[in-house]
């Protein structure tokens, strides 16, 4: 028991944070995680809670026990999960080694330097530390650079896609957990691009569709049930934040790849339909071999045998990213279908996969 | 053209108000309705608009043309529908005879006396004027009584359920359009109760299920897609606002009827399953006869032939309330299934049905 | 009354046929349509009915009155709609001028020559007569050619996309109503391709997503609620039947355009995301002008002003095809979003629009 | 390893059977289950498979390896799960001790006597062995009695609701796993009825709503996505098969309880709203105490603290049955809300809970 890893989670009241908490609670090598809320003198994130009114009486937030079970009754039956105010000294006292941040990117941008200063390793689920190129960070509004520290930590942070960066993650102090869309697109394209098979001049298209949990828990007119149900909409075409990490990780320019996200009327799951021109005509079996070789030994990528294609349902509630292929009769146009559960492989599961690599646990521990 | 009825709608940016506007635009006896927003010196209802940011720049709301097409692009293609600030003098100048209010109940409570004072007739879609008994009004927070006027207008207002009050609606100056749930329950029970067939001592149950549009357009944690999808929940058991009007119209006490609303993962539609004990054993054919006789000549109630039961889909996009029956083998327990589209028969369609009665138009004009 | 057009519908028990019947019933220039079922000596299409058991007792199908209201209770309240067995002599007796076929393509292939021989004009909603090129017809399994008649009628049939073929439709004896997917893709691309602005060598992508009604009413494992809900799947990549008509109407080769259909967890509606490389960099305003000029006076195409994009909800229950645009920062990559209701503009509404053109009625009659 | 329990599952291709297989594969005390299909000389259940065509070529079913992964690709990534033809000798050879039947009730009725004769214990998920009273069995079409064996086994079978029958399950040779609806209604009412608090003469109502997986995997017009989506419908009022087991387990007559099932537009989950008159006025705290005392130590019933009510989402993917309460102001009318995941607590999870009791494993093993 005492030999188990001690971790803390900030942001367990969000969708990814909750999923992360659930996985950690079942993980055999991790102590029951410490659940954190923002610092003592900041108001709790009441606008994100299901029944904010319960927490806002009298304005005296400090005296109220915030408990994850009250926010997500689905968790009840196994005791209570109090949300402690974030305090570095308390974390130190509890010997927390690893901090998960499931927070907005500006909060992560502010907190990671502090966490590092206090000697903790961090897995950050936001977009705050994923990007090396200034023009991609600009879309988040990050000044170039806020501080020497930020510039230095940006450099040091490792992009936590285990299938690509398994060599750097084990020793990283900051792991920038990939974006949900980005995971499907990068895993769908990496083998082909690394093998130099794509005709990049003709352009690559990633047409992605995501469930609503990817948009976060904030109640807006866009996430209102009546706006989403019986509907489909495209958004942020040519300027979605995940475009930068896709381009950086695949070493392509944002002029070479077009990324179009769509909002699906389902709670969770992503399907990306990716279009590539091949430099020369190929056989389906050759394509499959490229992918099977690339992902050999990678536990969480499933390469489907043509003509079977992944569907969102197949990967729900799993940490898999599923890949399937369709080749045109001309042998030169390839359609790749890439699916995942955006809250697991696209967020919380991948974070735990990174943790497993960072601490030498089996990669699939707690994830099957 | 000049002989058409001139009407105005306040609240067209909500779900019921939009539906109402659509029906009125197609109505052959009504001029293109004047669409209103709150008074000039009040901020527009930006929190209810899909893209509030568009309207809030600079804080200078007066200079922005608010247009229903911008809020509901589905409406485009037939010109623009500007939202004028409410001004009694302007309404008078435009010779508006009838004002529809699709506004929160407190707004209706404030505006109806003014409208009446300016000589207009009103159809109010809120709960502000539906209740005669003070204890039922209390749940809305109405003081008993704010003013002599309010007391007097409360008395004067007619509950606008055409199948029950067709005699009073034609001459009413204030029509209180029924609640969506209440319409299904009252129409489902009225024939039986008026005939004295129910054993009220054993209690009547109305277990109602509604689509999300019934909860209005406000974005809250309860209306967030992820909260509603793949879910069902009961709420406001024993204290929903519609209980009062159900009790008043059916002349039963709130101790005799139990009403439980549920939130369905669909955009629109209501199904109420109603349970009644009969005083003595009956045949299905006798039950059906009671209902067919009661609703004879009523254009918008469809009595289903047993064993066929209404489903929500059957009444969507129509002004019908559908009724069907199941009788227990003992002949004494009756299940009534009552369905409607909550935005049409439960709101906008019924309002137009009331208008038709008020102005001597055929009851179904504009509604088929 | 006697001067109204007399029409018949075969296939009113399917989704498109029902929608068509509804529109025709409201159409001011058409008599109540005669609803047909297959010939007397063929079994009724029981597998397509909700409660087939009701119709199969005793095997004596002739004596049972099949009625559309029994199949779609939503239609009730306005009398009954009996389904007559198809009989050419009876149609002649009733002076039917126009026959709508909402039938499987092989049935249409067999019936259209007969209808023409009996002097009727036909609007066929299937894919039977849409294709001029033999290799595209092959995917339907049509022998080249079954008969001299089939070859001749194939030649004579007009592709019924009013926005493109308004000159030929008025005099056509056979109108091949376009496929639902094809309508969104062709209308989304035609202005650009006709203007020669697309760099076709880089390939055109149409990534389309459709609601389940597009898959028809047959109950299969693919249309089972549990298979579709909370899911998204791609299918028929590179070999969907609509690819042929898209290629023919746009005058491109099937090597130049990639079409990927997906099954959405919604009952109806299509959104196609279309990707085109431009020959040279353009401004958004120039793109919009090309489309607005092309569709000038076309009542049922709505060109959205950038950056507003169409969503499926906006076109539901309308005959509109909505188009919107996003241009890449490089000015050379264009994303076109095209939406429609697959049962209306994608089927029944377009069929009525064609009828209006064939009989000189106003194009929008019965469709607003 | 060798000490683990050896089990077999017939019916893993259905929804409950798949869920059961998933749970068993993770269960630490059970060997990888043997998955069975019907006997060698019977055709495989092709109509239940997603892509039946794949299995029907040439009619030579014996030579085809049927594999659960092909039917449910979601399972892939952990090896293959072949479906062996059911053979008693083979099961004996493999030392199978426990047979799970997730089969239609008539199949279970035929197979259980054979399994018992071969010395196996059985957990049957169908309705075949749940009912002691002949009039309740009649609704399944069981002759009274087919054979001496059937009569004897009917007597011997234990109704497998662990919260009620924990004393009999451990030694049972046949466990009849409860119906999904029945579980919510019985657990929701048992404490109150056993305590004699309900006024049964005024009647008890269970208004239940279920996701579509409860209707099974067969593709019918009722389970077609377009029939279910945006809809709600009541069915089998007063004659649903689960009524018998509810009445028997609660020791009430079917005249005292009314049970109305509804089909919800969601894949899984049940919410039952239950209405009871109390013999005398009570306090909410008294009600809660009755339930907390009754379920003390019962791991899989969660009693909610008023006014918090269970929702379907809270119990999805868990083995919990959740209970909450609302008491009328008069203290005499009680509404009980009871929720579960119909495939887990309502089927597969409860089956494993029964297995745990039968073999002396901790009750929650494999279920948290």
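Read from first to last, the chains carry the letters A, B, C and D; within each, the first residue is number 1.
Rule of thumb we're sticking to: a residue touches a chain if its C-beta (ideal position, glycine included) is under 8 Å from a C-beta of that chain, and two chains touch if they have at least 3 such contacts.
As the structure is a computational prediction, the values presented were derived from the model and not from experiment.
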Going by the touch criterion at the top, tell me which pair is linked by more C-beta contacts: B-D or C-D.
B-D
Of all the other chains, whose mean CA position lies farthest from subunit B?
A
Distance from the mean Cα position of subunit C to that of subunit B, given in whole angstrom:
36
Taking each chain's centre as the mean of its CA atoms, subunit C sits from subunit D at a distance in Å of 44
Rounded to the nearest whole Å, what is the centre-to-centre distance of subunit B and subunit D, using the mean of the C-alpha atoms as each centre?
41
Contacts with 2+ other chains: residues of subunit C
227, 229-230, 265-268, 311, 313, 316
Quick one: which bits of subunit A touch subunit B in the complex? Just the residue numbers, please.
15, 49-52, 212-213, 217, 219-230, 265-267
Contact residues on subunit C for subunit B in the complex?
26, 73-74, 76-78, 230, 302, 304, 308, 310-311, 313-318, 320, 368
The residues of subunit A that touch subunit C in their complex are 201-203, 205, 207, 209, 227, 229-235, 237-238, 255, 258, 260, 262, 264-269, 271, 273, 275, 277, 309, 311-313, 316, 326-330, 333, 335, 337
